[in-house]
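Look for subunit A in each of the two complexes below; its partner is subunit B in the first and subunit C in the second.
And now, the complex of A and B:
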């Protein structure tokens, strides 16, 4: 059953600025949807529109089949976790979690039972009588989630909930959020600018750019078949290498005149892409091209090599390759590389769309 | 942090101007008041007689002094609560204004620039039983207004005059306090199903409590000691002492009644009250409300 439907949703501010032209999205019950994009892409605005904190100026928002455009946030049966957690500083953890239930007239015993339940699940039992100021960042994060969970809402909304945590805690909380969501099977809309978070959490991702959904799909769909150059660059770290190229009878010709044999109906300017992890080292005889090494980042399990793709034009193009295990090529030396054809990505040079 | 000076004299020299000012303008007159409190002086200031604690004994056996104390309490708390209440209401409203915010806020701050005596005169004219538009309006709706005869009405007049000015001051603090509350807290409460009424009383008001407490003390001090001008221009403490606050009584007994000893004794009591209020202010405000 569909849980949350965004039908031609758009937002135009009173001053005429169009933050979101139009977005269509159908979310199934229990799905974990991540809205991801660079800052200013409209992802938070979209989430706040679903929450009812921003007005919707166009389209319909349906929760469980009911149009809720004009309903107050409280009447939409959603719960939200804010970036700064937005815990009530003068209330204890228990009072924070109870507040929503209290406002809805839930009797005291039931309230306490629910809070105890959720506190148990999140390991907050010991902290119930403390105030937010006496908690660590991770604990506050957990309380914010607990406050959302006690209400047992139809939809969870997360607005960059992990961005105030340190790197280690972020990874830990990421895993916890995913496990909790699986267990509760509550439909979730999650906003982040971090593509790793997006990839690891999402059932499906929505990549937003300038208020438009560039692509909607599972993490692997987006990784394997990015619909636009924007998605190609945004998903995956380090980003995909993209080069201007020409599609001819003989295949792809890069600007440095390197020819890569390929048969494709398209002719003319294209953008050719390959991910850093798909490039392979080879010997001079079999290589597609050579790379002059500029910098080496050794990460232990893998090595990132930044280099320049030499060409006759005098403007070498930067390229990154990612190799498993340790490698220590000399700076300035040349590496011979193969780009396997099955990992190529081709985009129209004008529309930036996948070919 | 401490700073060490190589010479012993320099630091004393540096604080000397401040010490001199304090001594001449505060310690000396205060000392004079303390001394005078133990003397009885004739009306022309020609002779003094040491009377020990007699001035204090007189003071505390005078039913008029207790009446003045009660008047001061009623007046001060009315001014503080009214001033804080109205200012909070205005600040909450101003915080919601989107268009013309600056104009609105600036206009609300203006009354603070009006001198207390002028504020008194302004309201005195508005409420004048013969020519005041408000008094005439009240008469028309059947409420006979004459603060020259009716003590309660006189009290209402001085409370309004004193409060009006203080509202601007309170308003500024409340507005700053409101703007310091993160928007997401209010939004979280809205999602939690709290009506705007509940959001205010459950979230906003408790978070403003440090500001409110600070203003309560400041307003009480203001109403206690800083409203001489307002009272002098409107009611002169009358009718029948119904607006005769402690500070106004000091002036009246000392300069009009020419009882300098009794007036000095009252000053000492007032000094003690200021000291007490300062202690309260430091003890509670410095600690802040913890969360």
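And now, the complex of A and C:
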């Protein structure tokens, strides 16, 4: 059953700025959807429109089949977790979690039972009588989630809930959020600009660019077949190497030095891309091209090698290679590389769309 | 700046002690004077040590009559002052907190203009508009009444402004969280806004109580019946006796009594007051 439907949703702010031209999205029950994109692309705007905190200036929003465009946030049966948690500072953890239920007239025993349940699930039992000021950032984050969970809403909305946590806690909470969501099977809309978070959490990802959905799909679809250069660069870390190239009878021509053979090629300008992890080291005889090493980042389990490669624009462009294990090529030396054809990504130079 | 020079230390201590003396001496004189028998000031000397009429004087002034031209006991004046000061304080806080709430959290036409009009009334304290205000109060038959004492002083641009600043520092996400939690405007006001601004309310309470307590000109003008006299204004009338025979010992008791409630309020609310002025615990 579809849970949340965005039909031609658009937003123009009162000052005339069109933050979101039009988005269509159908979300199934229990799905975990991540909205991802660079800063200012309209992720929060979209989420806040679903929440009812921002008016919808175009299109329809359906929750469980009901049009909720004009409903108050409280009447939409959604719960939201904010980036800075937005806990009521003068209330105890218990009161914070209870407040929404209380306003809905849930009787006291039921409220307390629910709070106890959720507190158990999140490991908050010990903290129920503290105030938000007496909690650590991670604990506050949990309380914010607890406050959303006790209401047992139809849809969870998260706006960058982990961005105020340190790296380790973020990973831990990421896993936990995913587990909780599976367990509760509540439809979830999650905003982040962190692509690792996006990849690991999402059933489906929506990559937003300037208010437009560039691509909607599972994380692996987006990784394997990015629809546009924007998605190609955004998904994956380090991001995909993209080069201007010409497609001729001989294949892909980046520059006089770099030609990649390819059968039944059309002619025209293209953008050729390959992910850092798909480039392989080889000997001179088998190599597709060579790269002068500019910098080496050793991360232990893997090594990132930065180099420069001349492309169709005539300028040397940076290329990143990701190799497993430790490697220590000398700076300034040349490396011979193979770019396997099955890992190529080709995009139209004008429309930036995948070919 | 940490200086460690002995003479400088001594000098600063001297300045501080001197300051304390300047402030404390009149209080001391009042305290001592309130224990003297009648007429001990008349010779022109100022007694510096306690006399033996303390209990007598205090009991007389508090429960019998204030002395000089005033025939009513000071407890009644105290009560009047308290009613007026509390009425002004509570009224000011209630009205300004509601106006600030409207100005900060609601979108209505001319919102900005209304705020600036309120702000401009800062230039119109009671002393400036005293004649027209008197006219209005007289026409409304409120001379010699508590409402006449309180109402004209109750609007406060200062408090509105302070509460506005306080409300504007509340993060927008908190307001949104409350909206999602189903708190309407009234619930939000009582459940979130009031508890969150309690320290500011306390600070306002102290400032406004002292303001109300110290009102002099207004009560002087609109009360002619001494059952509505306030303590602060009646000290003046205790001094203006026709033949210059001022009962200083009684005056001193009254003065001290007039000082006590503000001191009590400041001491009692000190912790909250300081928090409200400096704290950013939001």
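FYI, the second predicted complex is superposed on the first by the 344 of 355 C-alpha atoms of A that agree within 3 Å, B and C clash if a C-alpha of one lies under 4 Å from a C-alpha of the other, contacts with A are read in each partner's own complex, and residues count from 1 in each chain.
The working rule: a contact is a pair of C-beta atoms (placed from the backbone, for glycine too) under 8 Å apart; a residue touches a chain by one contact, two chains touch by 3 or more.
Note that this is a predicted model, so its numbers are computed, not measured.
Undergrad: Using the superposition on subunit A, tell me whether subunit B and subunit C clash or fit.
TA: Verdict on subunit A: clash between subunit B and subunit C.
Undergrad: Mind working out whether A:89 is in touch with subunit B, subunit C, both or neither, as first, second, both or neither?
TA: It touches subunit B and subunit C both.
Undergrad: When the two structures are overlaid on chain A, which partner does A:133 contact: first (subunit B), second (subunit C), both, or neither?
TA: It touches subunit B and subunit C both.
Undergrad: With both complexes overlaid on chain A, does A:72 touch subunit B (first), subunit C (second), both or neither?
TA: both
Undergrad: After superposition on the shared chain, which partner residues are touched by A:80: those of subunit B (first), subunit C (second), both, or neither?
TA: So A:80 meets both subunit B and subunit C here.
Undergrad: Can A:100 be said to touch subunit B (first), subunit C (second), both, or neither?
TA: both
Undergrad: Mind working out whether A:51 is in touch with subunit B, subunit C, both or neither, as first, second, both or neither?
TA: Both: A:51 reaches subunit B and subunit C.
Undergrad: Which subunit A residues are contacted by subunit C in one complex and by subunit B in the other?
TA: Common to the two interfaces on subunit A: residues 51-53, 72-74, 78-80, 82-84, 86-90, 99-100, 103-104, 133, 147.
Undergrad: Taking the touch rule as given, give the residues of subunit A at its contact with subunit B in the complex, in rising order.
TA: 51-53, 72-74, 78-80, 82-84, 86-90, 99-100, 103-104, 131-133, 147, 151
Undergrad: Write out the stretch or stretches of subunit A touching subunit C in their complex.
TA: It comes out as residues 51-53, 72-74, 78-80, 82-84, 86-91, 99-100, 103-104, 133, 147.
Undergrad: Can you list the residues on subunit C that touch subunit A in the complex?
TA: Touch list, subunit C to subunit A: 171, 173-174, 176-183, 187, 191-192, 195-196, 198, 281-282.
Undergrad: Taking the complex as given, what residues does subunit B use to touch subunit A?
TA: It comes out as residues 182, 184-185, 187-195, 198, 202-203, 206-207, 209, 289-291.
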